[in-house]
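The two complexes that follow have subunit A in common; it is paired with subunit B in the first and with subunit C in the second.
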Partner chain A sequence: MAGAARHLLLAPAAVLLLGFFVLPYLNMLVISVMTPSPTAAYLHVFTLRNYAAIVGDAFTWGVIWHTIQIGVLTTAIALAVSYPLAYHLARAPRRRKGLLMALVISPLLVGVLIRTYGWMILLQDTGLINQARAALGLRPLALMYNDLGVLIGLVHVFIPFMVLAITGPIQGIDPELELAARSLGAGFWRTFWRVTFPLSMPGVVAGTILVFVLTISSYVIPSLLGGFKVLTVPILVIRTITELFNWPGGSAFAILFFVITIAVLWAYLRALGRAAHPGS
Partner chain B sequence: MVRSAERRWLALAAVLLYLFLLAPVAIVVLAALNAGAYLRFPPDGLSDRWFVTFVHNRTLMRSFRYSVELAAIATVAATVIGTMTSLWLVRFSGRFRTAMRLLMIAPIAVPGILTGIALLIYFYAIGWGKAGGLPQLVVGHTLICIPYVVLIVSAVLVRFDRSLEEAARNLGADPFTTFRRVTLPLIKGAVIAGAIFAFVTSYDEFNISLLLSGVGTVPLPIELFDYLRFSFDPTLAVAGTISIAMAVAVVLITERLIGLEALYLG
Partner chain C sequence: MAEIGLRGLTKRFGEVTAVSGLTLEAASGELVALLGPSGCGKTTTLRMVAGFETPTAGRITLGDRDVTGEAPEHRNCGMVFQHYALFPHLTVAQNVAFGLQMRRVPRADSERRVAAILDKVGLGGLGRRLPRELSGGQQQRTALARALVINPSVLLLDEPLANLDAKLREEMRFYIRSLQREFGITTLYVTHDQAEALVLADRVAVLMDGVLRQFDAPEEIYHRPRSAAVAAFIGLTNLLPGTVVSRAGEAMVVDTPAGRVRGRGVPDLAPGARAMLSIRPEHIDLGGEAADGANRLRGVVVERTFLGAITDVRVQVGDGLVLRVQGRATAPQRGGERVTVSFPDDAAWAVPADA
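So, the complex of A and B:
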């Protein structure tokens, strides 16, 4: 294809992404400094009060803090749980890999809502787990409508992402290296912490960042498994937008949370860098 | 290298984790097939009564059809646009490749809830009504389907042998004929796989639909969400089972077309 004509291939995507992705986000930035109004969507009057209202509100900070806690916990548990799975997958014989990969990916393709429904059947007060406990003469456990239920649901949903992110790098590690460490007298755990884990770090970093970002922005699981009792930032933002119709306030909150997320990730990468190069 | 006892522990851990991954999915299918209104052990026996209830539930069926229609439109749009974009990215992007690739992937890298809010406010600002409705949903869904098509199609295009196209051109074929008769047949598998991923993504999408759905008929996930807040009716499990059947089909087809190993994120 000659000259400028070839760039027409990009045109539809460029128009769509600029017109309906980049511009909407810029527009949200602008709206976040407009004045909320009970009679219109917003007034075209500049104000920083939307941000000030969030920064000055202890309740909102509590929700932000709780959201980050859930994010960190979910990410840590998902990593611990996904690592053996990814290792097993990476070292599986070639012909079995397709099937194992299918097992990891298929939950990903079933909507979050459906999987959450499955957890509700299992975890509710009269659910299967508590039925089993009752049959054994045990007291029912509160597994849902609290942080525990939210954590179970979130970890479950994000394991496939973590596995997909770390399997590749683990596969890239030459098994000879582990073998060498073992034959030089290092035990299983020492080999793992000194050889395998450090070499899989690129995947671990990618996976943890991905899962953390997805966790703190998830809406379905905290609202269904948390049952209005667990409050997270997305729930609060959606409420501000769709129930209070405070678009400027909701936009400001969303943007502020975005900034906080970036800050958390920056601190995380810095800490990792410091751990990798102590003393620098 | 792990020793045999360690390998057994690893295999055991993996089996338990696979069970954990599949448990809620299997439970939904069981609940849909179970005769009773509650899932309990021992089960009340098999029955298709919830499937019958689902088919006769007019609200759910209307949402189901709406979701399929929406997913079909978004899939066609995303597949055409995504394939064109992949060709450009792999062949002609030059020094803009990384930046443009990032931009194309961005819609699935940023939280869907944020994109939904941004679009809702934006549609209002440009006078597309107070959001709500098929056109707005199609735009939102196409946006998040394109990245999957781009990821899958460009992964295959990178390995493409371009001398085949050059041969066709040397023999006198124009660029469009070359694409239709040489390029497309060779990347067909990836295009179909991308389209399937796009369809499932749209069919199951929740965040964007939550913010862009109007009053009246809404996509199935939004309808299910409203139901789920207040009831555990097994009719919903039927909707879930349909979704699960689709996922299984997607995995089987993708594995056949391009092999699932191509899908690592790392």
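So, the complex of A and C:
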């Protein structure tokens, strides 16, 4: 009875996931093998041509590759910025920790559109930064409508996720372990790489996967700060559906990218597992 | 030559002085216990020797090296932490090999030394286990092996037995002592357990409120404490207030509310000084058949408690003065019974009344 009651606790999340995630995805899977039509959403005629068209198109592979590049870069930069911050937070006295944590989360308090327009005011060709440069007699910099602008916007919003994911595990590391390493002859950096970093890996794995997945699926930031000159998979999928009215084509692209994402994450976790247990 | 030397060592945390002007030394191969109640500065002292805390003032020398400003990784101290601080992501063998890797010891050599030390501490065959798969005692021995395998110049132990159950703690005392002797390694041993300090140490440094109160061999600390505080902290004792009447060398006569007592005491007690007599319960006899020349006090039995091997009897010998007497009581005393307690001259030890 207690066991049954415990399983019941899963019900709300299961219903939510099933209704709003699994079923829509299954629907999309079905649509992706239907025939596109200029007069209806799609025709109920089975075809694999949608997939064949994407797989055979070098352009779509370029977009996929570019999306993954942006994902990896954003994740790497966010990790590099967030780790020292998370370490400081984890070791800070309790009262200061609360204040710092509020500051870290503050980017999330502003809606994505407003925040992104804020960046545009700063970054555009006639924005604050370039006005300041012009006043100093410097050449304007292309800070927007390119990968750089997209990276700036994405890293900014995803740092809180990374910090939150890493802080907990670092907090769980007994500071005496670092002292033990020091007394055994390890300097600051070797202590970090041999003790602190490996023990914080659960947080690093969670944070990097979270940020990577959020990055490659983000739409608003790449479209506004990339000005449609930066093409990513979500932008292309939405264009296929809303501008070309090709529901099956967009669905097939989304499903393919879903599979590729799973494959990338699987390879990532395997590589980490190898690094943690060499030789096994 | 002193292997560990602390001179005028002081540590302040803001307004709080944790350690104040501590000076002591440990000779080569000696085991010195830093003993005191919690918050007395003993762990802070150990952390300064290890290099985890920077002294506010004073010097630390290891051998002929002044290490006061040196980073912990350059001090070559073998440290055993209270909670062992074993690396949870590394196996027992990897934990022990850590310090050798940091010293760039060739792999084959390192493996041989790790295997040898694990055998020595009785963990042969457990090298591939993770720390969490070990019992408390095994974790303790892994921590010892990890500290010893690097051939440290000194061994630092921070309450190493505090997390073991009573029976294992007793065993490990003797084990650590014999291991320390075998390696001939100069050792600082932090503990709040006076029995542990007395059993293990060549010399005991009693710290209270950051100040070194006495630094002596265990027998001296136990039988000839320098102050009432040390007498009260080490073992169980009766403290009887009084005034010094006369003295000849170490021998002295002290008037107490319970009567005149002949005893001995610290050198700086002059006639007329207020003193505190420390008399250990096990040195007091009940009944009148004590040897000639013994001190005799009359009293009334207040309470009698059977403790197994011994019996504890509380005897009121004056207004508000109760002496505890412990021994193999032959005749069962009852509450209210009038008795005579006696103890030899050398069982009463006088210390200054307020120090």
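Criterion: the second predicted complex is superposed on the first by the 258 of 280 C-alpha atoms of A that agree within 3 Å, B and C clash if a C-alpha of one lies under 4 Å from a C-alpha of the other, contacts with A are read in each partner's own complex, and residues count from 1 in each chain.
One rule holds for everything that comes next: contacts are C-beta pairs under 8 Å (C-beta built on N, C-alpha and C of every residue); 3 or more make two chains touch, one makes a residue touch a chain.
This is a predicted model, so every value here is computed, not measured.
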Fit or clash between subunit C and subunit B when superposed on subunit A: fit
Superposition-derived angle with apex at the Cα centre of subunit A and sides reaching subunit B and subunit C, degrees in steps of 10: 90
Partner chain(s) touched by A:Arg115 [first = subunit B, second = subunit C, both, neither]: first
Partner chain(s) touched by A:Arg190 [first = subunit B, second = subunit C, both, neither]: second
Touching partner for A:Leu128 - first (subunit B), second (subunit C), both, neither: first
Greater subunit A contact set [subunit C / subunit B]: B
Partner chain(s) touched by A:Ala58 [first = subunit B, second = subunit C, both, neither]: neither
A:Leu179 touches, of subunit B and subunit C: first, second, both or neither? both
Partner chain(s) touched by A:Leu136 [first = subunit B, second = subunit C, both, neither]: neither
Partner chain in contact with A:Ala275 - subunit B first, subunit C second, else both or neither: neither
Where subunit B and subunit C come nearest after superposition, their Cα distance in Å: 8
Shared contact residues on subunit A - subunit B and subunit C: 176, 179, 182
Residue ranges of subunit C in contact with subunit A within the complex: 50-52, 71-73, 75-79, 81, 83, 85-89, 98-99, 102-103, 146, 150, 156
Parts of subunit B lying in touch with subunit A, wherever the complex brings them together: 1-3, 6, 10-11, 13-14, 17-18, 20-28, 31, 38-41, 80-82, 84-85, 87-88, 91-92, 100, 103-104, 106-107, 109, 111-115, 117-122, 124-125, 139-140, 142-143, 146, 175, 200, 203-204, 206-207, 210-211, 221, 224-225, 228-229, 232, 236-237, 239-240, 243-244, 246-248, 250-252, 255, 259-261, 263-266
Of all residues in subunit A, those that touch subunit C in their complex: 174, 176-177, 179-187, 190, 194-195, 198-199
Partner subunit B, residues of subunit A touching it in the complex: 1, 6-7, 9-10, 12-13, 16-17, 20-21, 23-25, 27-28, 31, 41, 81-82, 84-85, 87-89, 97-98, 101-107, 109-122, 124, 126, 128, 131-132, 135, 156, 159-161, 164-169, 175-176, 178-179, 182, 188, 202-203, 206-207, 210, 213-214, 217, 219-220, 223-224, 234, 237-238, 241-242, 247, 250-251, 254, 258
